[in-house]
């Protein structure tokens, strides 16, 4: 059964230096509050996995939490580059960042296979792309029935999954609504999971086929109001598109970034 | 009595016209999203728009900044998980058109959104592949829209993130279960299509008031022109009005948040 | 876009003798009305695929529609045998029936792979079972990353999928609710699809992540009220468990079966 | 002052007692379903019951006739698609106990639900594997409940639909990612468990008033008994009352339909 913890306690207890951590939320319900807590606790040498690194990983990479990034699209959506990610890849600041990149289709399949307990995902992918030349995890197999050549990638099975969701009931069952992304998959694929939620309620109010994670499939739940901001939580608050644009200026420069980090992360306590 | 319009507007309107109501379009963010929604709000009201965030048949009132803005989900027929989107809807063969942008494109319509320079020592690191590598092979055909410049239109891309027709134009030959690939590239200067045999991109239509020299100047290889070169029809007053309203609504919406 | 047809027209136009037909609905929303129309139109030599053949296939097999059955559990749930299926397998009445059997896990994965456009499904299955000895479609592959031996089965990609659903809107988008089974998968895996619905409405009333099949993913829709009875449609009517028990007596004997068929199928017109 | 109860009731109560509130149980229809719900309504209120129809954490008020009755869905935490059930929840490793019935079982707890006789010329054709083959290998352990008779308890099953420990007791040795397999078999006469080394089923407990000879007589091989043979505790008044209420409610419900 899921244990209700403070965010501080959940991160402290379940994320270790050197862990492989997936913080997911495909353009929605991005777990920013958890990311900031990881920065505050100065976790180091993490292998970060995420389809769309987004600002949350830009911040964590800039803060020095990551040694490796596995991803499929690393930009500030609709705005431009992730400057902290680029600084780490291009200049090694604040530390060298190893990267391994996939396509979205491959990563989505790799999460799906991880949730399904399989060691590999098979897809019709990477045809004609140079990505297999720079990612030695991409292999090709032959279908034993048709002879077709198909791509294979290892499934994602991280140490820890971190997601944000709309709400949990008091038993620890969690409802995710709207753009559900790969959140169910990453929680089921991970050894441990931390779910932050907007609120804890008596009744989830879930429809019959809603995306609900049962309490016994989750390790820890922490309440974190506006825990996805500047991303959004459908039914709670909108995406702060203005901040996404503003981030471009903040992150371009190491000093303005560090100031921002100090004022907005380190000097703010955990929820 | 020509209307006033910018080259960007010309590009968006022309790209929008490539879509019809019977198409199921997997929409990339940015220019493709603008064109696809313009099509939906003008001549193709029933075009089905799908974004990789899982939103099926969505009808946003403003353009999303990311492919997962709440607007997309709230106006969709339904929203599915991302693995389902890529497995069932894209790989499953239900997408007629993939609509993509790019950072670099070469003469065989290969796309590079990974990096400029060498992979291990990049001059500029770009976002990466995202959905494009499999959209380009699993959709029945691919439309591309991108601004025309020598930096973007290069003879050979630094990195083939997403295959057009490969380094030699033959990458799709004898491959089973693969779409037709790029069938049209729409820029702010012209329309290009792959030669049926060589697959090299050929200018088939110049936008009004654009010269061959301007296209040659903005292209990083010796660009070919079709024997019968057309002139792209101008935007209509209606198209321009809808496009400008859409962009104004979008800017107001995104600026107004927080 | 889906075409609205009468059930008679839909079956007549889209199901041919010799087709591979999947009529799905996992213990819920079983398309009985469509099955009866197929019997009335005396379709022959069908390869029928279904995880749980249930009464609908017992009736179609007894009526002589099928030459082959691919399945994973062929019984009358909670009651006993499917006597028409057994009579065909054991005695060749009314015609010889070839069977090919899987486990549920393999068939579920085969449908999933069919929907995903893949030629095969990979699963951790059939370990120690004799099923691979009698089903030559079951093969084993080695994971290129871990070396683990995994089962592989061909995906299901039928000529026609037939399902029943709660409702369609006037554009032909279809809502399926409750035990959704493998209905979405079979429609997406098939070349053509027929969906019968309880009713056609202005607004589906679907929740944000509901199981909705878009009109453009469906070939034909036919209204068929109580079209799943004696199975059930959540929100419309309950499972007629009494009839499931009664069927045992009807189907045990060829004559009582034929009488039942005459009175309840042939002498009733299509909806 | 013993209570009156039938051997079937003894079996259901004993099977129910094998479950605890912290288990996640993948429930087969029939006897396992009866036992699992009895457990939920008595000593294990928080046991998580999962049926292969996709109903997660369901709490039916009456026993379902099929594994997909509406009751299961309406009382579930949520209902997922069948591929998800088998892929994410079973194969994904989230099931602690698979609870199965069978038509035949042999000394190595292999189960046959496929057919009696030869595969191509069956004497009796049974329903087939259903979910059992992968429940038996992907669940962390397996409980089996079945009525004891010579026809059911055979030395070697005619067909291994679902592996217990294989024809030689060694089928799980050195197989990666496989559950422990059957850990207990509960019949209307006794409790059997696999010998830790040979994996052959051994009677570890006789139900009250059942003799060794009755078990020997009802078993198709030379059945072994544990050195210290226990007597299974009798059903309590509470257990019998809840079981009888459940069955009465179930019968009334199923008869009353249509």
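Order of writing sets the chain letters: A, B, C and D. Residues in each chain are counted from 1.
FYI, a contact is a pair of C-beta atoms (placed from the backbone, for glycine too) under 8 Å apart; a residue touches a chain by one contact, two chains touch by 3 or more.
Nothing here was measured: the structure is a model prediction, and the numbers come from that model.
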For subunit D, the least number of touch steps when starting out from subunit B: 2
Neighbouring chains shared between subunit C and subunit D, ordered by label: A
Centroid spacing, where centroids are CA-atom means, of subunit A and subunit C in whole angstrom: 39
Inter-centroid spacing, subunit B versus subunit A (mean Cα positions, whole Å): 28
Sequence positions of subunit D contacting 2 or more other chains: 73-74, 79-80, 87, 91, 138, 177
Subunit A residues counted as touching two or more neighbouring chains: 117-118, 123-124, 148, 178, 180, 184-185, 208-211, 234
Set of all touching chain pairs, with the criterion as stated earlier: A-B, A-C, A-D, B-C, C-D
Residues of subunit B defined as touching subunit A within the complex: 29-30, 52-55, 64-70, 72-74, 79-83, 85-87, 90-91, 110, 114, 119, 122, 125-134, 137-138, 159-163, 166, 171-172, 175-178, 253-255, 257-258
Subunit C contact footprint on subunit B (complex, rising order): 22, 24, 48, 56-57, 73-74, 77-80, 87-88, 91-94, 138, 177
In the complex, subunit C residues that touch subunit D: 26-28, 51-52, 71-75, 77-79, 81-82, 85-86, 89-90, 101-106, 108-109, 111-112, 123-131, 134, 148, 178-182, 184-185, 211, 230, 232, 234, 238-245
Interface residues, subunit C side, partner subunit B - complex: 1, 115-118, 173, 184-185, 188-189, 206, 208-212, 214, 216-217
Interface residues, subunit C side, partner subunit A - complex: 117-120, 122-124, 137, 139, 141, 143-146, 148, 150, 152, 154, 177-178, 180, 207-211, 234
